[in-house]
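Just below sit the structures, each encoded as C-alpha cells.
In the two complexes below, chain A is the common chain; its partner is chain B in one and chain C in the other.
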Partner chain A sequence: MLIGAIIAGIVFGLYYTLVGLGLNLVFGVMRIVNLAHGDFLMLGGIAAWWLFTTLGLHPLASAGLVIVVFVLVGLPLYYLVVPRLLRSRDSEMLSLILFFGLSQMIEAVTTIGLGATERSLPPRLLGVGPIILFGTRLPKAWIFSAVASAIAVLLVYLYLYRTRLGTLTRAVMVSRDEALATGIDVNFVSAVAFGISIALAGVAGVFAPFILGSITPNMGVAINITAFAVIVVGTLGNPLGTLLGGIIYGVSLMLMQTYLSSWANLLPNLLLIAVLLVRPEGILGRRVRRA
Partner chain B sequence: MRSKALLLGLLCAVAAQTARAQPPAPAEIKIGALYASSGPYASISMPVSAGFRLWVDQTNANGGAEVKAFGKKIPLKLIAYDDQSSTATAATLYNQLITRDHVDLLIADSGSVLTSVGVPIAKEHKQFLFDVSGTGAAFFTDDNPYVALMADPVSTIWPHYISDFLADDGAKAGIKTVAILFSTNDFTGTQAAALKGFFEKDGKVKVVYYQGVPTTTSNYTVLINNIAAVNPDAVLELGYVGNDIAFLRNLQDSGNQFRFVFSIYAGVEKEEIEKNVGASALTHIYTYVPPSNYEYVPEVGMTQKEFHAAWDKKYPPGSNVTFGANAVYGYMTGLVVERALATAKSLDQMDIHDAVFALSGKLKTLDGTFILRKDGAQIGEVTPLGQLQPEGKDALTLVAVYPPDMANGKAVIGK
Partner chain C sequence: MRNTRIRRIVLDTGIAAAVVIAMGVARGVYSNELMLFNFIIFLALAQGLNIIYGFTGYLPFGYVGFYGAGAYGFALVVMHLHAPALIGMAAAGVAALVLAVILLPLLRLSGAYFAIASMAAAQAVYEIVANPDLEDITKGPYGVSLADVFAPAFSYYTALAILAATLLLVVWLRNSRFGMSLQAIRDDSISAAMAGVSVVRGRTIAWLLSALIAGLVGGVFAWHISVFYPDTAFDLSVSIFATVFLLFGGATTLCGPLLGVFILYGIYNVIGIAVPQYFQFTYGALIVLLVLFLPNGLVSLLTSRGIRVP
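Our next item is the complex of A and B:
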C-alpha cells in the first residue's frame, strides 16, 4: 500500500502542479494573490462540460479552445483590475480582498445561471479502465492530466527561459520597479502572464471532472486553499517550484488517505503551517526564484 | 349582599368570556425555512426546498391551509433564507426566523449537517422544528420535544436492510467479508457505525476495512486500491452526492471489481448520479430505493406519479433542480405541516408537537407510513434495499430486492 500511495501521489500531484502553476506565476510577476484562481478553474470545467454537451467537443479539443479564450479574457481583466491594484499602498493585502470578491461574484453568477448541482463529463472520453504503473492501478484520466501538466510546466519553462518575453517576465519578477526603469512594458508583460495564468487554471478545470469526479460552482474556494498550499510548499513566486509542491502535496494526501484517512482534509493546512514554521521561503527558497 | 352577588356574577361572566376568547386569526401562517443554493449541500437542499415550495403554492392556490385553531383556511407565507451550506450562517438564520420573523412553523434545511445547528436553537427557543431529512441519531433525545424527523428514517435504521440482506442472501451466495468506507458526518457516520454493529452482532459477515474520510473527499482511487488490497466480497460506500459520484467514477476507472457494491445516492438521487457517472458505472450497484422510485399507496396527498408530473410541470428541464428522493421529502414535509395545522388545537408549539405526533402510524403518503418514536426519530418510511439493473441499452432501472415483502425484483450478486 505504501508504494501504491507514493506512485499515485506523484501522478495525482502532477495535476495539482497544473492547478497551482498559474497562481504562482501571477504571484511571482505581480506579487498579488488571485483568490479567484479556483473559480477560473471551475469555469474551465464548465466550459468543457458545455462544449461537450452542446457541440460534442472532446475535452482535449476543449482544452485548446479554453487556452485561447481564457488568455483573451485574462488580458483585459488584467488592465481593468491589476494596474490600479498595484498602485495602492498594500497591493498584496488588497488583492486578497478584491479577488475574493471576484471569486464570490463568479460563484454566484454561475450558480444563478446553471444551478448548484454537480456536472461532469463521461469517463469514457479519456478512456475507462486502469493503467497499471509499477503494480499500482491508476485511472487513465490521471495519466492524461499528468501529461498535460508536464507539458504545461515545460511550456512555462520554455516561455520563461527561451523567449524574449519570458526574459522580460523574469526581469519583472526580480524587480518590477527596476524593470520599469529599464523601459520594459511592465503592464504588457504582466498582462500576458495574467492571461497565461488564467488559461492554466482553465486547462486544469477541463481535467477536473475526471480527477475530482465533478464540478460545482462552489468548488473554487477549496481549490484555492489547496493550490495556495502547493505553491507555498514549492516556493511562492517560483512557478517551477510548483512542480515540487504539487508532488509533495499529492504524495502526502495519498499517504494520509492510506494511514489517517479521516484527517486527510487537514493536509493543506498542515503543510502550510509546517513550511511556514520550518522554511518560510518554501522548499526551493529564494535562490532558485531569483535564478 | 345583592350587589355583591351581582358583582360576582359579572366577574364570572367576564372570566368565562375571557376563557372562551381566542386570538384573532392571523392573515397568514408564517413558515420559516432554510435552503442552500450553493455549497456542498445544495444538491440535496434545493430539491427539498423546491418540493416544499410546490406544496406551499398548491395549498395557497386552494385558498390556504385549513387551520383548526381558527376554524378556517389561512394562506401560507413562506420565509426562506439561503444558508449557502454554511452551518454558521444556518445558525444565524434559524435564530433570525425564530426571534425576528416570529415564524409559526420552522422547517430545517436538508440533511444532517445543516439540521444539526437548528436542533439546539429550536430547543432553546421552545420552537418545534420540522426536521426534513436530518437523520443523525444524536438529534433525538427524550428531553427534547421540539424536533421530529419528517421524511426519512433515523440513520441507525436506514442500513438495517443492507446488513440483513448480506447476512441472509449474501451469506448464502458466499459473501463473507465487507469493507465500509464512509464520510465523516452525522448522516453517513451514524449509518456506518450502525452497520458495523449489525455485522458484529450477526457474526455472519466480517468487517475487514472500516475507514472514514472527510466529506470533502473528491478522489477515491488510492482508497479503492487499499480496499482491494484486503480483498473484501462487499464494499459499502456511504457518502453524499459528490462523494458517490467520485467514488463510482474512480471505481470504474480503477478496474477493481467487487461482488457487492453499495452507494447511498446511486438510488436516492438516481438522475443526478446517472448524469454524472454514466449507466455502465452504475450497473448492478446496490443502493436504497427512495420514494421517488417506489410506489407507495398514499392516503394523503399525491401519488408518486402525480407528484412527478406536478414537479415536471413546475420545474421543467433546465430549471436546475433535479427530481429525486429529496424532492419527495420536501413535499412530504408539507403534507405533515398540512395535517398538523388541520388538527392542532392552537399554534402553540407544544400543540403543534402533539398534532405532529398524533399523526404517527396514521399518515400514509407517497413516502410510506409516517411513524415517530417518542423522541421524534422517524422509524417508518423505511427504504428498501435496491439494485440498479440494466433495462435495454444504456438504461437502468432501480429494482427493490430486499426485504422480500417489498421486493419487485431479484438481486444479482457478482461472481
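Our next item is the complex of A and C:
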C-alpha cells in the first residue's frame, strides 16, 4: 500500500507540476500572481469537453489546439493588463486583486454560458485497462496524463535553457530593470512567457477530467491554492523547483488519502503555510523574500 | 493646530454616528431586515479589514477565517453549553482572537505571500470544521441550528453596536498617535523602527483588533441567521466582498469603505440577487478597471487633489 501510494503520488505529482508551472513562470518573470490561473485551467477543460462532445476530437488533438489558442489569447491579454499593472505602486499585491477580478469574470461567463454542472470525459479515451507499475495498478488515463505533463515540463525546460528567447526570459527573471537597460524587449519576452503560462494552464485543463474527475466553472479557487502550494514548496520563480514541489505535493496527497482520507483536503493548505513559515524561499531557493 | 484636530475628530465621529443612527432607524422603516443586517455585517467587515489593510498594508485574503471562527465559536458554546447569546458572543470574540494568535507568525510574510497564506489558513480552518469526522462537535458539513437563542431584534442591535464600536475604532486610529505610527510602519517599516516605533507591537495590535471585529461580526451573524453551514460561514466571497468594498471606496479613510459598501452592495441588492452571475461579471470587471485606473479607490479622486476626506 505504501509503495502504491508513492507511485500514484509521483504520477499525480507530474500532473500537479504542470498545474503549477505556468503560475510560477509568470511569477518568476513578472513578479505578479495570476489568480485567474485556475480559471484558465478550467477553460482548457471545458474546451476539451466541448471539442469532444461536438466534434469527437481526441483530447490529445484538443491539447494541441488549446496550446495555440491560449497563447494567442495570452499575448493580447498581457499587453492589455500587465504593463499598466507593473507601473503601479505595489504591483505584486494589486495583481492578486486584478486577476481575482478576471477570474470572477471568467467564472461568471462560463456559468452563464454553460450552467454550473460538472462535466467529464470518458477515461477510456486515453486507453482501456490498468497499467501495472511495480505491482501497483494505475488507470491508463493517469499514466497518459502524467506522461503528457512530463513532456510539457520538458518543453518548457528546453525553451528556457536552449533557445535565445528563453535566455532572454531568464535574464528578465533575474532583473527586469537590468534586462531593460541591456536593450531586451522586456514586454515582448514577458508577453510570450504569459502566453506560454496560460497555454500550460489550458493543457493541464485538458487532462483535468482524467486526473481530477470533472470540470466545474467554479473550480478555479481550489486549483489556485493547489498550484500555489506546489510552486511555493518548489520555489517561487524557479520553474525547475516546481517539479520537485509537484512531486512532493502529489506523494503527500496520496499518502494522506491512503492513511487519513477524510483529512486529505487539509493538506495543500497546511503544506503551504508550513513551507511559507519555515522556509519561505522554497526548498531549492535562495532568499528572495523581503520581510 | 489643536482646533483642526478636534474639528476632524468631531466630523469623523459625526459621520460614524450618522451611519449607525441611519441603520438603526432603517429597521423601523424598511421591512427587509435581512438585507439591512447584511449591510451592517459588510460595513463592519470592510472597516475591520480597513484596520489591518488600510493601516498596516497587510491584505488577508482569508479574512473570512475569523468570521467563520466567530460564527462557530458562538454556535459551539450555544449548542453544547446552552449558554445565553451574549456569552456566545464573547466566545465568538475569543475564538477569533485565538485563531489570530495562532496565525501571528504569518505577519512575518509580506505581500502576496501573506495574502495567500492567510487564505490557506482560512481554508484549513474550514476543512477542520466541515470535516465529517467531527460531526459530534461541529456537526461537520451538515450545518448548525441555533433556534434556542433566536432573537432578531436583539441580534440586529448587537450588530449595530459592533458596527458603532468598529467605526469609533477607525476614527480613533485616524486621529491618534498609534494610528499614525501604524501608517508609518506601513509606508516604511525600517524608518519607522528607527524613529522609535515598535513595529511588531503595532502590527500585532492591529491584527488582533481586526480579527476581533471579524469574529464578533461572525458571532452576531450566527446569532441572527441561526441556521447555517460551514460553506456559508467560511464562504471566501465574504473576504472578497469586504476587500472589494474597501478598495473601491479607498482604504485608510472612514468614508471610503462606507461608500464602497453602500454603492456596491446596494447595486448587488438591486441586480445581483436574481442572476448572481451578471453581478459576478460586473463585479470582476469593476475590480479589473479599479486596479488599472483607480488603484487608491474613489476617495483618491479627492485626495489626489489635496482635499482631505474623513
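Here are a few things to note about the model shown:
Note that the second predicted complex is superposed on the first by the 286 of 291 C-alpha atoms of A that agree within 3 Å, B and C clash if a C-alpha of one lies under 4 Å from a C-alpha of the other, contacts with A are read in each partner's own complex, and residues count from 1 in each chain.
In this text, a contact is a pair of C-beta atoms (placed from the backbone, for glycine too) under 8 Å apart; a residue touches a chain by one contact, two chains touch by 3 or more.
Computed from a predicted model, the values in this text were never measured in an experiment.
Superposition of the two structures on chain A leads chain B and chain C into a clash.
In the superposition on chain A, A:Arg162 makes contact with neither chain B nor chain C. Touch criterion met: A:Ser262 reaches chain B and chain C at once. In the superposed model, A:Trp142 makes contact with chain B only, not with chain C. In the superposition on chain A, A:Arg84 contacts chain C only, with no contact to chain B. In the superposition on chain A, contact of A:Thr111 is made with both chain B and chain C. Chain A uses residues 107-108, 111, 262-263, 265 to touch chain B in one structure and chain C in the other. Contacts from chain B toward chain A in the complex involve residues 36-40, 42-43, 46, 85, 184, 211-214, 216-219, 221-223, 225-226, 228-229, 241-242, 245-247, 249-250, 252-256, 272, 275-278, 280-281, 319-322. Listed in rising order, the residues of chain A touching chain C in the complex are 33, 81, 84-85, 88-90, 92-98, 100-109, 111-112, 221, 225, 228-229, 232, 262-263, 265-266, 268-270, 272-273, 276-277, 280, 289-291.
Chain contact summary for the complex, chain C toward chain A: residues 59, 61, 105-106, 108-113, 115-117, 119-121, 123-124, 127-128, 131-133, 236, 240, 243-244, 247, 275, 277-278, 280-281, 283-288, 290-292, 295. The touching residues of chain A, when paired with chain B in their complex, are 1, 4-5, 8-9, 12, 107-108, 111, 114-120, 122-124, 128-130, 136-142, 210-214, 216-218, 222, 254, 257-258, 261-265.
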